[in-house]
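You will see chain A twice below: alongside chain B first, and alongside chain C after that.
So, the complex of A and B:
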């Protein structure tokens, strides 16, 4: 059964000393299998928290409610699928690899769910590195992270994330802080992963160039909610937030979004973008807009389209 | 236009460890930053952009070449003799959180440079004016680095740099870790403070669109550092 990844009424709250911060606020989305879906939005909008909830990697002080299912089996609160059905490519390659361990040690750990012998694990690791463009895997397996360039570290992480050939892969900000040459390299690597058994991908990013070239559909998050989702989001944005976000692109003259983003955990009774929205009406400040579908395969939460 | 900061024939070699061959990162590089201009310094990762900036700011020594500030050779100055130069050139980095003491509030972090350079009168008014300039409120001054967002800490780093009324601002990948809307906001603020305070800026970036939007002139460093024996 390939129903894909279904998230229903998911809320994630971090219980801090003095207050509760709701990072994900009632998200209901369906990520179909066999597609690359991007999750875009500003820093702090809850993209990575949503990803960590899917992977079961939320910290102990986070409280999650709602449901997440992968092909019908529940995921929320478990790590059963991690590594086997769901792989992760974390952000910041330099910080995600253990500086005291070799590449072989990283790959052996990732291959543990397959219960391979040491010799088999070594052969599989070498093959994985070869698949990710390392012509001399024996040398790379013995290397420590500091002996690799940024692009090589990123490719090692891709190999670690896809070691058990998971059907789904989650890439968290794979191009953050990289120069354009490395960005292109990562883009090629991610694109080629679909030929290595990874059928579906979730790419969390604020790099719209990456989103445009790699993803078939996009979900736009703001203040813990998905405001717009579907195909053609970048070409034809429907939500005023998406349109304002795209105005910050170089081709639109680096125009920042007016107003101030809500503080972490600040909950508004209506649309979270209402205080900054040029189309804000009285209703937007007191009522939360429901999902509507003005175009085929394009959902938006805005009263403008009701 | 006269040059405010210049380097001539800079050479820099790093030795990773005793058994390995040294890597020559900068090979007789020249750079001129004119009064009031914004110069973009571009090149791929590892080509020596940040190393060159650190040599220009006299934060690390060079193996050969000369650094001139307002026409004066400062390559071999040290200690007290460098203090006036330190005040007039400020660095904003890609990771501003590493520039702030995690135990201190921003109030303490903003006071420290004014103590070092004996700036006495009108401190509160200066901070208030600059916070207003970067569109922040003084409510943030009681917080610590982990309690603010990436865009807020980058703007606070800008406030701390501007408190010393510098002539030159070096922005080392200052917006590369920020998302596009915060990046746009910071770029607009930098444009505004540059105009208002007549600053000369060296903008290090690997984003050509940012460089073309912000800079009067762009200089590109060669792609690869030269490995092997030198």
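So, the complex of A and C:
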């Protein structure tokens, strides 16, 4: 069954000492299999938290409610799919490799679900590194993370994340903090994943260039909610937030969005964008808009399209 | 790394000089005339002439700097002088007693390492759940019970009531179980706490999240991923404790009647046996410094960044 990744009424709440902060607020979305889907949004909109919830790697003080299913089987509360069906390419390569372990140790650990012998694991690791553009894997396998350049670390992480060829791969901010040459390299690497048997990907990013060139469809997040999702989001945005967001880009004239974004965890009874929306009506502040599908393969949560 | 080692070794010279100076000054500041003390052991009352002759023979009429240099020179050749009370060379006595202290310290350190790491890792792996709370309670108890009281309790239970272990004395490993348990108790607790907090700090870092995403279990995450990074401060702590333990524990050695250097120091203090005390201070000071150096080197070897230098491939 290749139903894809289905998220239903997912809420993630961080229980802090004095208050609860809801980082993901009632997200229901379906990521179809066989596609690269991007999740875009400003910093703090909850996109990384959504990704960690899918992996089941939320910190202990976070509480997730709702349901996440991968091809029909539930993901929330279990880590069985990790590594095998669902891999991660974490953000910030320098921080994501264990400084006390060699590249070989990382790869062997990632290959454990395949229960290979030591020699097989070594051979497989070398092949993986070759696939990700290391012509001389023997030296890299023995190296510690600090001996690698940023781009090498990123490629090692790609090899580790896709070692067991999971059907789904989640890339969390893969280009964050990288210069443009490295970014192109990462783009190539991620693009090559599909040739390696990774059918579907979820790319969390605020890099619109990456989103445009890599992803077939996009989900737009704002204040813990997915406001718009589908194909051609950047070409013809439906939601007023997406439109305003695109207008704020340098190439579209730098027009800032009016007002300020809601504080992290601040909950509004209606549409989260209502206070800043030029099309705001009385109903928008009272009621949450449901999902509308004005175009095929394009969902939006806005009363304008009802 | 070579340069660092040379620097480190060079910095030990003033420390060792300081220790020897302190040991020497201890003798100078001591109450009573050493020549008189040396002669009057065992109730004998020497005459003034005898004392002066003895002072000359011991070199006490020379200026202090000369006395210090002579004393250091002799110490370097292994001559720490003769004990006032036993008339035996101090170095010989220390050499006889050091193995007992060494055995006790090694046993206690083995217990502290094993217990500290085991408890710390378990507590971190079950953070906030009942095993963690139970371990924390036990560690608090270990830290707050004084050693002498713990020693008496253990003797009461395991030696007197149950009769499993000998009460005191020196012998095989069986004789070491109780003293080593007492000596290691507080160190074990401190090490376990440090291991736990250090592990929790590492577990919150990004590389541990990335490791979890490989679908590994709780123990593999803690032991294989977090521990190699978390252990560095724990090694430093345990090393410092080992330095202390090698000085001999006065309390533990006295309670369990172990003829180690700790109880020797206690006897020397009671007998105003200054050469013995000087020898003890010099020996334990030097051992402490050596252990600290070894721990420094070990800590460096544990960090691949330091071990391999800034090498890039």
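As a convention for this text, the second predicted complex is superposed on the first by the 303 of 306 C-alpha atoms of A that agree within 3 Å, B and C clash if a C-alpha of one lies under 4 Å from a C-alpha of the other, contacts with A are read in each partner's own complex, and residues count from 1 in each chain.
By our rule, contacts are C-beta pairs under 8 Å (C-beta built on N, C-alpha and C of every residue); 3 or more make two chains touch, one makes a residue touch a chain.
Given the structure is predicted, the values throughout are model-derived calculations rather than measurements.
Asker: With the two complexes overlaid on their shared chain, look at chain A and say whether chain B and chain C clash or fit.
Answerer: Chain B/chain C on chain A - fit side by side.
Asker: In the superposed arrangement, does A:215 touch chain B (first), chain C (second), both or neither?
Answerer: After superposition on chain A, A:215 lies in contact with neither partner.
Asker: Scan A:96 for contacts with chain B and chain C and give back first, second, both or neither.
Answerer: Only chain C is touched by A:96; chain B is not.
Asker: Could you say whether A:249 touches chain B, chain C, both of them, or neither, answering first, second, both or neither?
Answerer: The first partner, chain B, only.
Asker: Angle at the Cα centre of chain A spanned by the Cα centres of chain C and chain B: state it in steps of 10 degrees.
Answerer: Once the two structures are overlaid, it is 70 degrees.
Asker: After the superposition on A, what does A:110 contact: first (chain B), second (chain C), both or neither?
Answerer: second
Asker: Applying the touch criterion given at the start, work out whether A:150 contacts chain B, chain C, both or neither, answering first, second, both or neither.
Answerer: first
Asker: Name the contact category of A:257: first (chain B only), second (chain C only), both, or neither.
Answerer: First partner only, chain B.
Asker: Could you figure out whether chain B or chain C reaches more residues of chain A?
Answerer: The partner making contact with more of chain A's residues is C.
Asker: Which holds for A:182: it touches chain B only (first), chain C only (second), both, or neither?
Answerer: first
Asker: Between chain B and chain C, whom does A:60 touch in the aligned arrangement: first, second, both, or neither?
Answerer: In the superposition, A:60 contacts chain C only.
Asker: Please provide the least distance in Å between a C-alpha atom of chain B and a C-alpha atom of chain C in the combined superposition.
Answerer: 5
Asker: Intersection of chain A residues contacting chain B with those contacting chain C?
Answerer: On chain A, the overlap between the chain B and chain C contacts is residues 149.
Asker: Would you mind writing out the residues of chain A in touch with chain C in their complex?
Answerer: For chain A paired with chain C, touching residues are 52, 55, 57, 59-60, 79-84, 87-88, 90-92, 95-101, 105, 109-110, 112-113, 139-140, 143-144, 146-149, 157, 160-161, 163.
Asker: Give the list of chain B residues in touch with chain A in this complex.
Answerer: That would be residues 44-46, 94, 149-151, 173, 176-185, 187-188, 206-210, 213 of chain B.
Asker: In their shared complex, at which residues does chain A touch chain B?
Answerer: Against chain B, the touching part of chain A is residues 41-44, 149-150, 176-182, 206, 208, 244-245, 247-250, 253-257.
Asker: Could you pull out which chain C residues touch chain A in their complex?
Answerer: Spelled out, the residues of chain C in touch with chain A are 127-128, 204-207, 209-216, 220, 224-225, 228-229, 302-305, 308, 311-313.
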